[in-house]
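Shared between the two complexes below is chain A, which pairs with chain B and chain C, respectively.
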Partner chain A sequence: MDYSQFLNMGQELSLLAVILILFVADLFMCTDRKSGKGVLNTPLPVILLTVHTLLGLAPLVCPCCVADATAFGGMYVSSNMAIVVKTILSIGTIIVFLTAHEWLKQPEMANKQGEYYTLTLFTLLGMYFMVSAGHFLMFFIGLELASVPMTALIAYSKRSQESAEAAAKYILTALFSSGLMLYGISLLYGTTGTLYFEQMAPQISATNLVQLAALVLFIGGIGFKISLVPFHLWTADAYQGAPTAVTSYLSVISKGAAAFVLFVVLYKVFAPIIDQANLLFFWIIIFSITLANIFAVRQKNIKRFMAFSAISQAGYLVLGVMGATPQGMTAIVYYLLVYMVANLGVFLIISITEQRSGKLLISDYNGFYRTNPKLSFLMTLALFSLAGIPPFAGFFSKFFMFMAAFKAGFVVLVLIALVNTVISLYYYLLIVKAMYINPSDEPIPTFKSDGYTKLGLVLCTLGVVLIGIISWFYSYIDQFSFGL
Partner chain B sequence: MNITIDYFLILSAVMLGAGMYGFFTRRNTLAILISIELILNAADINFAAFNRLCQTGIEGYVFTLFSIAISAAETAIAIAVMINIYRMLKNNYVDELDTLKW
Partner chain C sequence: MNFLSLFVLIPLLMLLGLWLAKGVKAVRGVMVVGSSLLLVLATYLTIDFLAQRAGGNTAEMLYQASFTWFEPLNISYRVGVDGISVAMLLLSAVIVFTGTFVSWKLSPNLKDYFLWFTLLSMGVFGFFISIDMFMMFMFYEIALIPMYLLIGVWGTGQKEYSAMKLTLMLMGGSAFLMLGIFGIFYGAGGQTMNILDIANHTGGAHPIDFAGQCIWFPLTFVGFGVLGALFPFHTWSPDGHASAPTAVSMLHAGVLMKLGGYGCFRIAIFLLPEAANELNWIFLILTGISVVYGAMSACVQTDLKYINAYSSVSHCGLVLFGILMLTTTSTTGAVLQMLSHGLMTALFFALIGMIYGRTHTRDVRLMTGLMQIMPFLGVCFVIAGLANLGLPGLSGFVAEMSIFVGSFQNADTFHRVLTVMATCSIVVAAVYILRMVGKMLYGVCTDEHHLKLTDATWEERFAVICLIACIAGIGLFPSWISSMISDSVAPIIDAVKQAI
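The block that comes next holds the complex of A and B.
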């Protein structure tokens, strides 16, 4: 056996090293467990993860490293695009850790902080493997590694009934959908005799009904992870019940990884029956965007509101999958980056407001501008980016997404998505209106945010403002999109 | 008598159907979990049968082993969540899980 192949999976190994360091550090640094004083807090995980992110970029910067490397006989495939996606995911996780600081600082959380970081990073590791999978076994293990610790994270507030309920709903639907997907994979195995993505594609034909059934089951399983409409029922409950720092992780990171994998599998495995897949996605996207928009308008809880916003954004994200073109690939990764900074920015503000005042209803934000002008300004920027108002990044990401789908020939779909952008503008502006215009007798009192939240907000706001204007980001991602 | 692949496929399809029916109709969370196990095992039977009767190599068997291990891990964490719910509500019926809706 050639052990040097392990070096091809450098990012996974360094993430595993980060997890082990944090695990051991949790044992030894948290000496004062009895009195509940956790020493291990945000700095160590954030610094380690930043180092890991920078190290992971090495193959992109230095040309001496092999780009398209494989390990385990082709089960693990590393491409430049996968490295970019993993980097985006780990930057998102850093911002989520910054969000979680205030919440984990509470006395009752102090003695279980370490578990939060370990569990979160294990789900991230699962997504890494999923993104780089070249074989259905690797894909399935990655998917489960990403969703099983996620349940523990959702149920993290042990005394809260909402948290437990959200976790139960999440794990039952997750198991059901992964069971159906496993059945689909078994049908694929039975008809093709292999589980490698590359070898499977030539043996798939549109006339084989078993393979079409497998395609439907597969889309059902992955659609659950991305929370597309017929499979979205867990989303709102899980988002509302989970602790806010976990919700922000759930809404961006796990969704983005799954969307990328969906594209890779459609492109590599289901290429011969891509027309049938497109027909399915045509309706899935229309229902995701429209239904989620309608439901979002009538929400009162801001986390639940963000859940429906996330379902609708997932619909846009999957728009790039249509046709499986290289341009669609670039659009997905770029959309993921832009959506990540905007959504995490909103969640940073929701989280710090919840920690300081305990308020989570949209009506609680009435008069927020009078007491906290800076925060409401930043929140407005992030919401504008989510809605897609120029010159913020959200406009450009939506533009590239529509361009990709338009060039692939889905004109009607782009039109429906455009109409829905207007509806989404309405409900994002409802929050802006609550903050700036609606009067309130008891606005949320003025509070100071801590340093970590400020750092996270600076990163997110820079992203929202700059990623769209600086075209380097798009062209940098674009140069990798052809080889996948 | 020669046992062909059809017998296995019918068995696994029946298990899949029973599991889906149970998932949608049972009220007890543990019964729902058992239904999900039926679905997962149906897929495992498929893998093993396909490998034994249709394909060469051991890819399907290996997948079955991994899938059994993974579903055990999932079941463990699902039962942990249910115990937590039982402690709060003193029962584990899905109709009682109604604080979060709409």
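The block that comes next holds the complex of A and C.
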């Protein structure tokens, strides 16, 4: 066996190294019992992950490293785009760790923070494998590795009943959807005799009903991960019950990875029946965007609200797979990046507010502008970006996403999505209204954020303001995109 | 560095300055310096533009510059101006300048107010200098969203409802607009977002086929028309204007609503000429309704701001009406009307704000004899009213006259009947204006509270006098500006006419 092929999976290996270092560090750096504070706090994981992110970019920067490569006979396929996506995911994870700092500092969390980091990074590793899969087995292992530790994370607040309930809901739906997907994969295996993406494609045809059924089952399984309607029913409860730092991870990172993989599988495996897939996605997207928007309007809890907002954003994200064009792929990855900074920015503020005041209702934010003007300003920017208002990045990503779908010929779908942006603007403005306009007798008192939250907010706000205006990001992603 | 870009750069620097400024005086300082610079820049641009045209420069757009922005999507940062844009830039600079003085004593949070105000101005200026559809659309939306906070936080009355209604209706319009822009971009081959390149296609047929044009024309026209108060999408306008703080009403009615008319002309009609010829009758009927209905509604209102808001619906309807008539005279008149309505409605809103700030009521029925108590504001109010109903010597007359003469040049019955109906709106305007002025200003003041009121302060006088000077300037010497506009309008209208 040629061991040098391991070098082709550099990002996975370095992430594994990070996990192991944290694991060992956690063993020796026990909780300081006197002060009750954990020793292994945010700096170590954040620094390690930053190093990992920078190292992972090496194949893109330095010509000596090979970017497009396979390992294990094609089970693992690396591409430039995959590296970009993984980098985006790991940057997102860094911001999530910054979000988690205050929460993990609490006395009851301090002695189990090590597990938090390792579990989160294991799900990230799973997503890495998913993104680079060239074989359905690798894909499925990645998917499970990404889902199972997630359950433990959702149930992380041991004494919270909601957290346990959310985890139960999550694991049951996850298992069900895994079952669906496995059934779909087995049908594909039965009709083609292989699990390699490349070998499968030539044997797929639109007349084979079994393969069409496999497509539907596959979309069902992956739709659960991206939380598309009608596979979204776990989302709101899981988001509300999970600790906020986990919710923010769940809402961006796992969703983004799944959306990218969906594109890759559609392009590599289901290309001959892409028209049928488009038909399915046409309705899935319409329902995802519209239903989620309608439900979001009526939410009172801000985490539940963000859950429905995330479902509708997922609908926009999947708009890029329509037709599986290269422009669509660029749009997906760019949208993911922009959505990530904006959404994590909102969650940073929700999380720090929750830690400082324990309040999570939208009505609690009434008068927030008078007591915490800076935070409300940053929140407004992030929400405007989510709603697609220029000059913030969200406008650019939405514009390019719609452009890609329009070019692929889905004019009606773009029209419906556009009308929905107006509804989504309405509910994002409800939060802005609560903060700026609604009067309140007992607003959340003025508080100071810690340094990690500030760092996270600076990163997110820079992203929200600059990623759109500076066209380099889009052009850079675009040069790696592929599609039909 | 192209000097048109200064129109975006100065507001950006102002935003930075405001962000750093501490204390009310510093904030005011930044605003005064910034808006004066913009005014000087716009004046210089006008003079230089006229000089270049006089010197024989006949290029369609002057001061063009282009930088590739999003290369994979053929999106560029492209700027350039013709006579229409120059007029609009001048108008915007005047309104922003006077608006700064009108909001002199606003509270609370003057700094945040000016931040959003400046962002809005940046959108407006950026919109008028851009000739790339993507840029235009981006600046258009930048100009819309600050309205929500400006009305919601600093407004009066039903501000939350109005702010939300206004934002959602305008954003709904821009959703259609975005689809229309995609249609034009991909219909014309997906190679360029440059408006000039799409319009001046080389050889034979228009790149977008007729069926496509008939889909994208209504979308873009309605998209921009919502902002231009096109019936039946005008309902955001009265509520929004009534609730907004004074300077925001000025900027919104004065400049922002002109984005609608400008966009209709620049994108819908210029880029989709065949559909514009074919389908303009539908929109002519709608704008005809706007004109008459707006004027009629103004007659039955008792709130000063509502009166002016409905009168704005009527006047902005005339703008679209003039554009849709597709003759050089009427379109020139429409652009003049944008200019003149922008100035006089800003003046009106400024005066209403000042009177409201003193009397704490905007109900016409509760005010009498104010002329004796505040003679300066009273006289200016009368001037604004007379400009509004189109008195010769003030700007409204020139604009409306051109529109009606130009419209009547269309020889068929349909256009002529519509023109006659639209002309009736002037008579109705006289009814509501004179009634309002008579009731409010003349007679004997009976309210004890009103007897103690004071006249305008220095910064208010300054703002009002600036606006009146501009209105009278255009009314007395209209030829230079109308020839500047018609030079730019004529080739476009000719091209549109030839497309049939």
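Brief remarks follow.
Just so we're on the same page, the second predicted complex is superposed on the first by the 475 of 484 C-alpha atoms of A that agree within 3 Å, B and C clash if a C-alpha of one lies under 4 Å from a C-alpha of the other, contacts with A are read in each partner's own complex, and residues count from 1 in each chain.
Quick note on the criterion: contacts are C-beta pairs under 8 Å (C-beta built on N, C-alpha and C of every residue); 3 or more make two chains touch, one makes a residue touch a chain.
Quick caveat, the model's predicted, so the values are computed rather than measured.
In the overlay built on the shared chain, the residue A:E144 is in contact with chain B alone; chain C does not reach it. In the superposed model, A:L20 makes contact with neither chain B nor chain C. In the superposed model, A:L425 lies in contact with chain C only, and not with chain B.
With both structures placed on the common chain, the touch criterion links A:K158 to chain B but leaves chain C unconnected. Taking chain A as the reference chain, the count of touched residues is higher for B when chain B and chain C are set side by side. With both structures placed on the common chain, the touch criterion links A:L54 to neither chain B nor chain C. Using the contact criterion defined above for the overlaid structures, shared-chain residue A:L415 touches chain C, although it does not reach chain B.
Once the two complexes are laid over each other on the shared chain, residue contacts for A:L462 go to neither chain B nor chain C.
In the superposed model, A:K433 makes contact with chain C only, not with chain B.
Taken together, the two complexes place no residue of chain A in contact with both chain B and chain C. The residues of chain A lying in touch with chain C in their complex are 327, 330, 373, 384, 389-391, 395, 399-400, 402-403, 406-407, 411, 414-415, 418-419, 421-422, 425-426, 429, 432-433, 436-437, 471, 474-475, 478.
Across the complex, chain B meets chain A through its residues 12, 16, 19, 23, 29, 32-33, 36, 39-40, 42-44, 46-47, 50-51, 54-56, 59-60, 62-63, 66-67, 70-71, 73-74, 77-78, 80-82, 84-85, 88-89, 97, 99-101.
Contact residues of chain A toward chain B in the complex are 136-137, 140-141, 144, 148, 151-152, 155, 158, 161-162, 164-169, 171-172, 174-176, 178-180, 182-183, 185-187, 189-190, 193-195, 236-237, 240-241. Taken together, the chain C residues at the contact with chain A in this complex read 69-73, 75, 112, 134, 137-139, 141-142, 145, 148-149, 152-153, 159-160, 164, 167-168, 171-172, 175-176, 178-179, 182-183, 185-186, 190.
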